[in-house]
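Chain lettering (A, B and C) follows the sequence in which the chains are written, and residue indices restart at 1 in each chain.
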């Protein structure tokens, strides 16, 4: 991890009708870092991810990717600039093979030729997530964790500067969680910066260099996982109002 | 390139070459039927190439077909034939570009509804123009183009469309359309801009329909807006493509062939039952053949022996 | 001329408003875009024509029979034909396409039956065509009555949706079918009911317009098309919006016919529709859903 921020969020704000989902949120993500985005349900984590990936357009604020403002740009341009994501509810294409699903990540990259190398490279990304040799299978033949791996392979196929993982570890059992954590570490070791929205606290503890805690759309804490999770404000946000006697 | 990649192209060319002898072998009744069938095959294939992967159900086929036919009615005796075809092509593309730009950003349901009413609007506008500006309702098309020539032109167009469809299926654009049909919001996050891909194909598909309309126009000798923009044609095209199924290239061809025969038998014996039949075929497709005949056949061929012991579905989650 | 155009526009718009109200209830609750909607209207018009001709009973009295029958038929169509599709495809795009194809089928099937029974001739009969003077314009009593009926039924529909428990259930399903199921609403029951109500409204319109309009078995799509335009312009599921947009559509049509050219009504309506699609695809009264 180096000290130059690859992604800077500055004063980001998004409201839906009267509801302010993200309210003046700022933070820097350093290159090569695993950065956690945590908070109770409805705190604005996923909306923040959606603003970064271009699914929503922020009302205010800047999102600087390597110094260039990408806030409000359409999603496909943001993807081409090097931000990839996975989806909380898996979005795989059922009537395509496993390999073709990975090809989705490759096919629309800038300057990507459309030829035989594409399939070969897609197979390499399947290899990377441990699905080597399963390219010909149908998506429905994969187990849940393997479908999650496939989502990861597709996102990695963009060779992103920043990878957004939206509750990628959710719903895995203890063994699978172990594998999943190892896989995220492996991806970071390739030089990819990772921002993860996650509820699994053990994963946050063991993976994240730093994290931001959000509550009701605002940032309430930032720092190492150990530090923020012992912050009284954070404890209050998770456990509700402190009991007054 | 090796032989397997060339094989579909060669197969299409060989089949077209054989079919080219048809006018020399059959009498005028069969030639007329063959011309009608070829026209439906072109329209259904062009429709399926756009609507199959994107799932945007277009009911505007007759708009582009009619534009092609009307171009011939207006310019047929003024310009040389290749130029007439070119104008028909360009007019159809221009119209498709307008319609596509206005509607393809929106959800599929808006597209259906917009195209549903488009033929009525175009018909009324052409009628208004003819009545008020040119002061005449219908137009005569007296062109010295034989039935045989029409057959060959249609066969040539169909061949081009099929070759193009094979090439499209293997291209990045073809892949993009499958991704869009699979999950459009997801596709955007991987660098794909869906509207441009959809628009490109819609324009190409509409251009083919306009050409078909232009080639068919000399068969009528008399054209008025009600003939050229008869909305039923749009529905016929949908039903042929869906009956045949769009997961295979030959699906719409099969659908067009079957429905042409059915229309022919019905048209001569029970003309009153035409609409009812169209309705019943739609309902049969929805309940029994959701992927069309080609989808059903591929399914049957893929699983020759249904093993009842495997009926229990897998629960993997 | 102005008063005449205004009155003609209002009476026409009243019918459009009512037609669109039925369709928007059907679509927003059942998520089935019923492209055979106009055929229910024309079917009712033919039923009124036939029964009036054979029994000589006032069409307005006949409506008391035809409308409930149409409710039952629409309800049956939904239960028998659409429910299996919902079971197969769940929600989302596959269901929308399947149900659209199904209603294409119904459109042609009903049209085909009407053609076989009544032929393709223009049909009309006249009932209560006595002129009534309003200010310096005249309007036939049957048109005026259909306008009054549109106001009354529109108002009743509004009360049903906003002030009753059933209406609240229908609205809940329209907003969020999954959430509605979680709070114990039978979504399929609600969808069937909405479909039936829409069919009943269409039939009422059919009886009303049959007293003064010349109609053919193939005219259903014209009403479907106009209802669809009104529904989308207003914003899907927005009942008062549909009533207002329907009235405006009638006025636009009547004024274009009176001052511009009767041959351009569809073109002008379409231009307005296109403008709405380009500028406010969620409809004039619709809200952006995330």
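By definition in this document, contacts are C-beta pairs under 8 Å (C-beta built on N, C-alpha and C of every residue); 3 or more make two chains touch, one makes a residue touch a chain.
Remember, predicted model here, so these are calculated numbers, not experimental data.
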At minimum, the number of touching-chain hops separating subunit B from subunit C is 1
By Cα-centroid distance to the whole-protein Cα centroid, the innermost chain is B
Heading the list of chain pairs by contact pairs is B-C
In terms of mean CA position, the chain most removed from subunit B is A
The distance between the C-alpha centres of subunit B and subunit C, rounded to whole Å, is 31
Distance in whole angstrom between the CA centres of subunit A and subunit B is 43
Between the Cα centroids of subunit A and subunit C the separation in whole angstrom comes to 47
Within subunit A, the set of residues that touch 2 or more other chains is none
Subunit A partner, complex, touching residues on subunit B are 171-172, 175-176, 178-179, 182-183, 185-193, 316-317
As the complex stands, subunit B meets subunit C at residues 55, 57, 102-103, 105-106, 108-110, 112-114, 116-118, 120-121, 124-125, 127-128, 131-132, 231, 235, 238, 242, 272-283, 285-287, 290
Per the touch rule above, subunit A residues touching subunit B in the complex are 53-55, 74-76, 79-80, 84-85, 87, 91, 93-96, 100, 103-105, 107-110, 114, 142-144, 154, 158
Within their complex, subunit C touches subunit B through residues 33, 35, 81, 84-85, 93, 96-98, 100-102, 104-113, 115-116, 221-222, 225, 228-229, 232, 261, 263-267, 270, 273-274, 277-278, 281
